[in-house]
């Protein structure tokens, strides 16, 4: 309550709180009075927040976080998510690699060979691309999906690709082993809800300006519709720093691992936007406790149709995989 | 080029640039050499940006902005967008007001009466609500649309409501005069593209972490598909400041007005999240040159099912409308 | 407390809280227990915050804000600060104008004439300049102070200038009517404390990443040492947006006016960094309730030694002053 | 130049540029004309930037970064900075540990024993504390310095402590082996300049909203006055995320290491603000290429007078040191 709230205002708030099926406790402080509300607020948070517009009320401060199915308390041992013949969330680090976009049969086949040879566990590639400009390359769409699937099958790697439009869910699910939701759609609740109704695993990227609690709630949208197969991906947030494309927030890794049973992986390619930072930040992500990595690898980055500056050449990716092995072992994991 | 780039590297870049149909000019500086690329980069930006992964290249710096249909140069006098019997973008300030969400027939009818009586030009109300938590009230959906339309028709105001899912476009367009795209969907390119194929005006809100240039490009998605009826809405960005729900970025108003012919309105309700800040920031928005306002008004904010703390009571809204009139006149507009 | 906190942990926390001279109230919720602490925490905040490292504790949430001398409750009618023959905080809008830096006698005299002629109430000019690079122009120092003072005296305007080094306080105070603390020194507590021991008014700018509550606390440093003459200045915060130099946060104006009795002015020159945005944002600031403006005016901006792009030419400044008058009247102020 | 700039405007700009001793090259593009300026802009950057206020000019885009003494090109092999009997910047990771603040003789002696026993290379402790509130504990000042020095000497560790006020430089330098500049003073240029005139090494922390290029320029202030002994410290930046106290920006580590020869260390205690995140982020920092760590360790964190929630207990710190050893080796370093 405000410091000059009257007794009548306090009592009015107490009555409102009780009408909402909470118990109200009045705590009279040196300077102001607090009305503590006890009850199950999950799903009804707004009912208390709106009290901020009531006379005499200064602030409504929620105490309990509102995610439940994603909470680590639900499954303290952590979830392991199967993606084709790979698994994310166990002691082994999972590396998903491939080009930003599928550009041609030759390109995706070369990429598949390169990432398989270096030891990656899954192949990524975009067929539907979210681009800031409508005039940029938007992806090969269905043709790209088919090429990606074929390349993955040939080298024996499951494939991961982005879904943007709810209309495309069946198509994308048919051709891939895991559906990725990009940062720009991280709070596209219609899409999340529909992905909750399929069984294929979902790779959910953190939005550019998404608080970790909101990230958990976005996962909760998928879980609450019945799909338990969600992997979270930190991919950098938007800050004032312009030297890097995004600010990779590795604090998110140990914090999310403490909050949720869902696996957490890191995308250092988007998280930095600069190929020379990908390897050090990939190592850092594993040191921080990540369960895996999402790395952009392109046979010839200088001719890529999107995100060239952040994609690794096959040789650099192979070097990174070699460097990852002793690092993973130093933190008690395997590769 | 990097400061130690070799002549061979410079010549290789020149050849690559020319292969991309640009003319290359070499400028040899005191410390480093710059290769200036002249040509029409619109739509092909990636082809130059990817040069950042080429040997000897330090940075690729684009000089020209990449929006075209939204550019003010296209229509220097500015666009006026018809929304039912209202118009946005002329000398008159347009005020769109109503509750955050349609909650019941009684509530939306009371809101319609209140905003009409105070002089608003359009009625807003959400039927599909994007909520951070899947457990929060998600809107009355189709029933809400019907109630909103009926209330608007009765009081003679056009209605504005949010669209979240591409599957709902026909339904929402049938019942409303303007479709609003919320901040979380501001880069949902599938949705934007589909809205470009209808004729109903679109109210496009700025994303929480969207640069103004990206905001322009999002509008460009709609325009490039054939729908010229787009109104931009500044609604606050996400910053480190936590005293307000968002940081209303009024710098955006004169800057967007200089860049684009599209009308620009401001939402001080979401932009502040605090009802006592709505009136001063509404006045400030008009002083900064905004073409209109989007204001949340609820008959009884303390019982609202969403966003209670930022919704105005009818009496406060009427006071704001009275205060707006002399202010609009002081900057050469009318209300 | 954490959801699995034991009764022993709860009781241990209660004892700790009581040892710190607070009263502890245990509130047992559906999911977790809250220990409410009642007492005077001002100045001792750390003693409770540190409980976050105690077993079983999840979070410490302070309820009361910790500023006192700056609080509006101390002087609900608001403070008026005298600066030479000007006053900030009354019904009249106060405009402080002049060049970013004093560059020569001719320049500051021409600036003084221009701002006086247009109706400004005080003259600003930097003699000690905080520059990002040590190789940039750092100001004329003492010579600049003398030139500024002389120009102000001649046209009858009080002068405002920046103080950067505690060693210079006596010197700067001798030659000026108000000492400005720049954004980069806004949490230079040694400087603030020393400014609290003089009587000259202090113009305290908000730091680039300073929360409003921290801004209040910085003012509290000056007030708590005995100098009541503090004026707050919103000058833009650092965000992800790069189209403007800073993001002018006008939400700060009505919020600070509600929290504190100190006057609040706005600097649209630094807040935007673009001269064409200065006038619309100056109008917006007054509409939002600011008590005054700080405007950079230079006789010939294109030859300025610092911040050229944001300084107004005298003719544009005169136009702004003309536009301000009806705007001020529209919100019940005078100019 | 703007797209509609006239030939006369272009020629006027060319003359201005040449008057500033640059060579001007005119590049005529499809849509607009660019005037490339070749010359040595270091230290004179403002002279070009101000052209943004000239008729017909759209933007001034600097191509060259303006730090020189700090640039890696100056010393490609990297600098090693001696701090008493420790060294920062070589193959060995350097760990500086100790309490946030010196609170008593018993506390700092216990801390010194604990960090020495666990294998730290230097002892830290604040005697002058920058606190947001003037009513919080401000440090033991000179008495604290003496206690810190004595504890360090006894256990054979060099000591690091913060300097806030230029008046205290001699005093602090007398009692310590390295002077730390805190985040809030990172652009206190008076202080930086004065620290450039001593010989003791300086630990420069990144400001909360400081771009990496500005961080380099702050180091340049110290270097340019003659003190080459500067170590940079990433300690987290301020972003929208509130789950952690700051967002530790580990991207800064490989980027700074590429830009500068100065050593780079990381402070995961302030960077996270949560003790359980300190160890994973310390490991991540080393994996990303940091030369050392700054870790807050307190004998009894739950009774700390400042920053309790982020300080490690001695046993946790010892565990961290054990975990660091194999990790350092996995990236080719030693501890």
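Lettered A, B, C and D in written order, each chain numbered from 1.
The definition used in the following text is that contacts are C-beta pairs under 8 Å (C-beta built on N, C-alpha and C of every residue); 3 or more make two chains touch, one makes a residue touch a chain.
Because the structure is a prediction, the values reported are computed rather than measured.
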Report summary line: Chain centres computed over CA atoms; the one at greatest distance from chain C is chain A
Requested in this report: If you tally contacting C-beta pairs, which comes out ahead, B-C or A-C? Let me know.
Outcome: B-C
Query raised in the report: Using CA atom averages as chain centres, what separation in Å is found between chain B and chain C?
Result: 30
Report summary line: Per the C-alpha means, the centres of chain A and chain B lie apart by a whole-Å value of 25
Query raised in the report: How many Å are there between the centre of chain A and the centre of chain C, using C-alpha atoms for each centre?
Result: 38
Report summary line: By the touch definition above, chain A meets two or more other chains at residues 209, 238-240, 242
Query raised in the report: Taking the complex as given, what residues does chain C use to touch chain B?
Result: 209, 211-213, 237, 239-244, 247-251, 253-255, 258, 271-272, 274, 276-277, 280-281, 283-289, 323, 326-327, 329-331
Query raised in the report: In their complex, what parts of chain B are in touch with chain D?
Result: 3, 25, 27-32, 34, 36, 38-40, 61, 63-64, 73, 209, 238-240, 242
Query - Residues of chain A touching chain B in the complex - result: 16, 42-47, 49-54, 60, 66-67, 130-137, 164-167, 184-185, 187-190, 193, 207-209, 214, 217, 220-221, 224-225, 238, 275, 301-309, 311
